[in-house]
Structure formats: C-alpha cells, structure tokens
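Okay, structure first, notes after.
For reference, chains read A, B, C, D, E and F in written order, and residue numbers begin at 1 within each chain.
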C-alpha cells in the first residue's frame, strides 16, 4: 500500500464565518473538505451558551496549501473572530486527489 | 505515564456504505470505533446539497490493522463511492485495548 | 508562518461524565476545548443501541498539560466508565494562546 | 383474541415498526437522525408523565396504593425469577445472568405506551395513573440485579455510581418530572400544552417505532451469537412475567385494560435505563446478551404478539 | 391566471422560500440544522405516503390504472426528450447529458407537495391517490438515464449499485412504506396519527421551504459556471414537460387539479433520489450541472411560476 | 398579585424551567440535543413573528406608531442607565460595562413570550402587534452599547461587523421575516399553517424552557466569580427598567397587559443577539459577566417573580 504524506488542516470557527472560510479554503487549493458541528469554549467564552455552536472544517491538502490556509486564517480572522487553526501530518492513499488542480478558482 | 504508539484510521464516506464499512473495520481487527455525522465536498460534489450527509469513522488500531483497513477501503470503495481514508499517528494508554483479539470475527 | 508544536488530546466518553471531564480538562491547564456528539462501539458495547451517544472532547494543549489530562482520565475513569483518550502532535499558530495561564482554576 | 391481535398488528404504530425492520433488511439509506431519536424519547416520556400526573391529581390516594405496592413487589420478584431461570436452565455465568435479570425485571416505557394504546383501541382503556407504576417498576429491579452480582463479589463496577445513574437518568427525570408538573398544574393548567403533548402523541410514537424497528433489526444480526437458549428465554420469560403481572393487576383491583397493561410492563425488558446502569455497575457483562435479548427479541415479541396476549388473558380473568 | 399566481406567490410556503433565499443573500447566520432538515423530509414523505395510501384504499383499481400507465410512459419518455435537447441543442457531452436526463425525467417530491397545496387552494383539488404516481415516476427515468450512459460504454460507476440505491433509497422507502401503512390501516386506523401527520403538514412544509430557499440561493452562486444554455434549459424544459404532463393527465382522466399536479410532477427535476443514484452510477458526471439546474433553477421556477402556469393550462384543457 | 404569581409559578412552562434546573442539580444525563434547541428557537421566533404580522395587518398604523416610538426611546435610554449604574455603583471597567449595557438594553425573546402567555392567562391579554416591538427593541441598545465602547477608543473588535451580525442575525431575520410573511399572507393565508405554529406553541415553549432551566443552572456555577454586585444588578436593574417600561407603555396607550409585557421586554436582558454581537464587536469583554448575569440571574428572576410584578404594577397604573 502506497501512502503519501499530506497535511490535515483543522479550523474551528464560529458559524457566521463558515461560508467565507470554505470559499477561501477551496480558493487556496483544497480539493475537498469535511465539516461538522461542534461546540466549544476558548478565550471568547463558550460553554453553557446555547445557540452559539461552531463548525469544524477539516481539509487534507498538500504541505504548501496547508501553510497558505493557516496563514490566511490567521491574518483575516484571528483579530475579530472566534477561530483557531491547527495542522497535522496524515498519510493518504491516492495522493494526486488532494493536489490543487486549479490554482485560481 | 506509559503511552503506546498506534494508528488512527479516519474514513469519510457517504452514509449508504456505513454499515458495510463498520463490519469491515471490525473484521479486519479494530476493537472499537467512533462515528460522527459530517458533511463534505470533494470530487463528487457536495456543498449546498442537503440530504446528502456523510459519516466519519475513526478507529484507533495497531499499525498492521490500519494498513489493512486502508487497503480494503481503497480496493472496494474508491471506484464507485464517495470515500476517503487517511492515517495518523496517535499515542494511547492501555495499548492492549486496541490489539485485535479476534482475527476472524 | 511561525507554527509551534503542541499536543491534541482527544477524549471519547459516555455523555454522563462530560461535565466532570470538562471541568478537569480546564483545571489541568487547557485554555479551551471543542466538543462534538459522536456514537461509538468499544469494549462496553455500542452499535445499534440508540440513546447512548458519546461525546468527543478535543483540546489543544502544551505537552505537560496533555500528559496530565491523559493520566487523570486513566486514573479516574478507565475502571468504571466508557472512556478512551489519545494524544497527537499538532502545530498551531499563536502558541501562547494554549499555554495554561491559570494553573489553579 | 384474533380481533385484538389484528387490530394491534395492523395499527400504524406496529406497521411503522415493521417498515423500519424492512428498511434495514433491504439495506436502505433511511436513517432516523440521532437528535430526532432523542427528541422523540424526551417528548414521549414527558408526555406520558404529564398525562399520568394529571390523572394522579384526580385520583384518591387509596386507589393508587394497592397497585403501587403490587408493582413494587413485582419489581423485586421478577429479576429473581429471571436470574434463577438463566442460571438453572441456561447455565449462564453470574455476571451476565445478573445483568439480564436487571433488564427483565425493569420496564420498557415504549412497550407500556404501545400497550396503553392497544388497550384503549380494544375498548378496555387502562387507568390514567399507570405511568406512575412505570416509575415504580423501573428502579427496584435494577437494584436487585446489581445486588445479586455484588453479593457474589464481582466488583469491577461501582454500585453507587450505577444507582445514581438510574435515579438521575433521563427516563426517571422526565417521567417523574412530567408527573410532578401534570400533578401540580392539573387538567386546567396543562390545557394550553395539550395540543402539543396529547394530539401529537400517536404520530410521534409512530416515528419512534420506525426507529425501533431499525434498531431491533440491526440487533438481530447478533442473534446467532447469543444462541437458542436466549432466544427462547426472550419469548417465554415475558409470557410468564406478563401472566403474573396480569394476575397481580387483577388482584390489586385494576380494570381489565389496566391489568393487561401492567402485564405488558412487567413482561417487558428495559433497554434505556438498565443498559445505562449496567454499563456502569457491571461493566464486565456482555451487551450482546442483554441488548439482543431485550431489543431484538422481547420488544418485537411483545409489540406484536405479547400485548394482544396479555389483553386476552386479562379478559379471561375479569 | 393572475389570481392563481398571486395566491401561490403570496402563500406562506412560497414566502418562506423567499425568506430563506434572502437570508443567504444578506449572509445571515440563520441555519436549518441538518437533523431538522432530515426530520422534515422524513415527515413530509411519510405524510404524503400515508395520505396517498388512505386515498388508494378507497379508490377502485380501475380508476388508478390509467394514470399509473400514463405516468410510467412519461417517466420513460421525458429523460429521452431531455437527453436529445441537451445533446442536440446544448452540445453537452454524453455523460453529463445522461445525468441531467435522469434528473429531469424523475420527480421532486416537494414540487409535487407544493402543487397539491396550490391546486387545493385554487379550488381544484387533485385526486387523493396522486402520491402513488410520484412513486411510479421516480424510478424509471433514473434507469433510462443510466441506460443511455451505459449503452455508450461509459462504465466508471456500477449500474446495479445505482439501481439498488434508488429503489432502497429513503424517498421510495418512506413514500411506498407510508402508502402501504395508509392502505392497510385505512382512514379509521390512521385517525389517531392524523393530528400529527395532517394538521401539522403545512407548517412543516413551510419550514422545509425555508431551508430549500437557502439551499437554492447557495446553488445560484454556481450559475455562471453552468452557462446560459443550462439556465434556459432549466426553465424551458419544465414548461415543455409540464404541458405534456397536463395533456396526458387529461388524457388518462384526471381532474383539472389532478392533471395540473401531474404536470408539475413531470416538469420537476429530482434532487434527492437522482443525485444519489448518479453519484454511484455515473460518478464522472459533474454535480455542478445537475444540482444547479434542478435545485437552483427549475425548483424555484416551478414553485413560483410553473405551478400556476400548469394550473392555468389545465383549466384551459378542461 | 399573589394570585398572578401563583398562576405564573405553577404553569407548566415555569415548572419545566425548574425541572431543567433540578436535572442539572442532580447531575442527570438529561440533555436537550443542540439541533432540538435550534429547532425550537427557529420555531418560536418564526411563530411569534407570524402572529405579530397577522395582527399588524389588522392594526391601523396610527395605533402602532406611539408604541414603536416609545419602545425605540427605551432601547436608547436603558443601555445608558445600565452603563451609568455599572460604572458609578459597580466600578466596573468600561469594556465590560458597555457589553453588559448592550445586553440589558436589548431584549430576550423568550421573556417576551413568557410574559405574553402569563398576561393572557391572567385575563389581560396584550396587543397582537407586540412582536413588532421586540424587533424594534432588539437592535438600538446593542448599537448604543458598542458606541459607548468605541467612543472610548477600545477598538479590538470591528464595529461594522458587529452591527451586521445583529441585523442579519437569525433572531431578527426570523422575527422580521415571520412578521412580513404574516402581514402579507394575512389571517386567511396563514390558516393552513396555524395548527403547526399556533396550537403547538405552548408545548414547544415548555420544551424550550426545560432547556433554559438547564442552561441557567449551569451558568449559576459562575456566580461566585461574578461577585455580589452583579447579582444585585441582575435583579434590581430589571425591576427599574421594567417599571419604566410599564409606565411608558401606559403613556403610549397600551392596555394593562400590553404595558406589562412591554415592561417585561424592557427589563429583560438579551442572551442571543447581544452575545453574538459583543463577541465580534467587543471581544475583550468577559462572557462570564454578561452571560451569567443575563442567563443565570435576570432570566430566572423575570420568569418567576418579575413578570407577575410588572403585571401587578401595570394593574395599579391602569
């Protein structure tokens, strides 16, 4: 079995910025993503507030795309929004599936 | 604290194949799994289609079991189904808990 | 982009112990957490029982905090509860965000 | 009997159960989302609690005392009979026998609800205060089951934790809480909420049983693992306990419908409260046994054949 | 026509669709949680199935036979016309044309439900057994669409898997299952569940269309990607198919309302069953085409202008 | 007063709140799933919007103008009084005082709904157009709160983003959207959806308050952290604002019930719209303060004692 090292970018964000984040993630080269509903607590409060769920966005991407996504999130969202981002190593099958085929869109 | 290196296999798949995947995961040696509802977008489309949620299956397993699960998924599902699989390193306590105690069933 | 290595602690537990676990996670130094609803199967049964969902708690923390959380979970919960815990490496931006600012509370 | 049987089998609620089972059989992608399942169970428990509380607020205490004591006695007795049968006839180990005893002594709220509907439909409605008996029946058997295991020194779990789990578990909280609200607010106070909790009840129950059908069918896969003895136990034990319940029901002065519903309750096996308690108190017990038996065998049996049987029995005894 | 158009456009159900679209336009954080979406679709499909089944239990077979055969014929014919138009006029590749053909031949249950409501509101209610026609119309077109692609040797997907996906898919299971339950239990048997499934129906439909408005508006972003031909196709094809459906409806003896609703069904494009089947059977087809066209163009068109148009047409033909 | 107080305290809706708090106190595993919470809040907001819109469609503009202007004035004034009290008496820092001011100037839709029910129950129903006042009251206070902070140069957040967050927030979208739909469709057009949105309302509200009781009880844990001043503030400020609201209500010509409900609205503290806006516009503010005060103190106070108090006050002023 031929696995290829890639990066898993995880973004946890308040729901209001979800669509903007997804657009950015794809524009920066992700070929797919997985999203789930989560709840959280961080520096901007959390637990025991209902109606304020967050989303977790995960994308398996190449190393440079991962860096770009993390940098984008940091630059645009860290100041005004409840957002965190972290990167992990993953191994995938079919490495070509996750390579950005379309740099511009 | 004595942690033991293991592998985390993550499978993201359309819901229709969930039960078959779970059976396979256990048959190949996983002693447990965790499953959650997600939504996603990949090469076969996604975002903005309601009613087409996916599942994420995660299993902490030994290294050889991880390889077998990934290979099985690749062989049986990549051609006709919306499925991705990736592997990560994890450290667990109670390593024996995740060792396949029952190779055949 | 300056990423900093940290640890991701993941705890999967039956819902009944959620609040106690969250209190412990924060008391041991986590500055935040993310929680999601999952279902699972392990040594104490699972699949095909409705009404018994679990929670997944994830916290990005420093290495020593991660060890402490894992040790705490092992000591207090492994005997009587459906709980697993595992650790992974992650890279984060803004490393200081995840450092325990308040050891005691 | 045949008439009751047909009326019961051809009701939308039972047909929905069958539809759920068929959906699993044909490997449909139909799925009741987990939050819908939880919503329906919160709704159903609260609704029967409310109804019972309103009925209780109109019932003199003296009328309830007998049934409560009879039910309590059955809750202590039936786990013992179940344990004896499992050990003597089934040669099952102590831990698993005790776990099963806790399940078969306790009660399935959905079986109770279905029995109540069928009894009403058959023209022999049950007493309004019966939900109180569900609460009385739920707890003791689990305690007895755990006591059997703990008395034998099997102590992997925590006895106190398990007990806490049952009495603070959501089924007791919603059932007893709903009863308290219904009792305090009375018929007049609950009138504004009754379109939601009364008129919608049967439809919600139907959706719930669609899900139960799917769950039961998934459990059936484990049937081979549990062996023929447990299959027989899952059918015969309920009949014995059910007949006992009907008989005691008449003894404590319940109506024909009421005694039949009590029979169904006693015959039923818990699959919410008991599994939660056993997971904590007897973690070594194998869920494949107690879940497959209670969910895969006894629940479908009671829903289809058991309830009409207890009604018929009760009619004979009346 | 104007009157019907206004009554339709100003109904809460259509206004909720508009509200959903506006919420997306202003980037509101309003969100219909996924489990609520699933709950609503389970509810709506089961409810129309039940209603259809009860109606069917009162309808002589002879009366249903003609409409069933006419509908079946339309289910085979319309994917062929759609395919021809897409290939000849749109110069689209075979795979994507076949995928779109499957969608436009099949049916959108929500369009059916909306049409049924508007027809009733306009004083020309449709026949009660029409849900049976939805089930008849759903499957054949998808098979024909796949056959076109497979006959041309494009075999990345699995033909059998795709077929299985459709017939065991949740929309068929709930629709046909609900019909069977309604048919077996009859009007009397379903009375206890009707407050839930009948009285609540329009409100649940309104919430569902709030979500549909949001989904359709999100799809619209892809509009530029699909090009002007597909936009035109998404409006003109439904009109052609809708007119054909109305005409056949009158031919097989349906009432004015019934023929109009059949027209709306035939004109509509599937966005639940067909996408699921195409994803498996024709994975190379591009979802941006078939989902944008069916969800982003044809559904809103039918909901607002199409249904009143078919009703008016049907009035003329009567 | 005592009579109203009892009727209010012993209503199922308030009892459900208490049950939720007790469930947390005994550490029950009862849980209202997040999607159910969201569904209930979508439902309740849309339902009161619809009801208000239908009422508005029957009310002459002149009758609404006074109340709207009075409410708007209260929405500008009350954050200023709250800010002054917090700074002068509580010696709180500017950022947290501004954040709290935004919360106490804005409105809690659930408090409004509960007040409306109690007023109707007490025989003094409020005007049908009051939901329009909720929308009018929700926004200005949040703007004023942000303006206070921004005028002082604390600019970690984005002013424009926060404003956008409020006006496109789901509570405004559903409330105003529902009103628009109710207003356009009118009583006749909304008749088919009223079994869903009207008959089911109180039951859904009861489930919602079960959840609110759990949330409020969880918040109480933070009580020690916020200190005695904030606890006193969370009770006294609502009484002052509530009395003011009742007085203004009478001044602008509302009925006894209407003025009392306006008082409850003015006294209430937002815990949906304001927290969302503050998180974006004033991220440095500490949620432990504003959430504990609004959810843990003011909401339970109003639900149990405040609403009967404003009703009694309003009766005296009539």
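Assume contacts are C-beta pairs under 8 Å (C-beta built on N, C-alpha and C of every residue); 3 or more make two chains touch, one makes a residue touch a chain.
Every value quoted in this text rests on a predicted model; they were computed, and no experiment measured them.
Common partners of chain C and chain E, by the touch rule above, are A, B, D, F. Fitting chain D to chain E on CA positions gives a rotation angle of 120°, reported to the nearest 5. Repeated interface, listed pairs B-D, A-E or B-E, reference A-F: B-E, with more than half of the contact pairs matching by residue number.
Looking at B-E and A-C side by side, the one with more C-beta contacts is A-C. With centres set at the average Cα position, the gap from chain C to chain D is 35 Å.
Each chain gets one centre point, the mean of its Cα atoms, and the points for chain E and chain F are 41 Å apart. Chain contacts: chain C has residues 16, 36-37, 39, 46-47, 88-89 touching two or more partner chains. Multi-chain contact residues, meaning those touching two or more other chains, occur in chain D at positions 27, 29, 31, 33-35, 38, 165, 195, 199-200, 276. Looking at which chains touch one another, you get A-B, A-C, A-E, A-F, B-C, B-D, B-E, C-D, C-F, D-E, D-F, E-F. The part of chain B that touches chain C in the complex is made up of residues 1, 3, 6, 8, 22, 26, 31-36, 60, 88-94, 97. Note for the complex: chain F touches chain D at residues 10-13, 15-16, 19, 22-23, 26-36, 117, 195, 199-204, 206-207, 210. The touching residues of chain E, counted against chain B in their complex, run 34, 37-38, 41, 156-158, 161, 165, 211, 215, 218-219, 271-272, 275-276, 279-280, 283, 286-288, 291, 295. Contact residues on chain B toward chain D in their complex (touch as defined above): 15-16, 19, 37. Of all residues in chain D, only 33-35, 38-39, 42-43, 46, 50, 164-165, 168-170, 173-174, 177, 180-182, 184-185, 189-190, 192-197, 199-200, 276 touch chain F in the complex they form.
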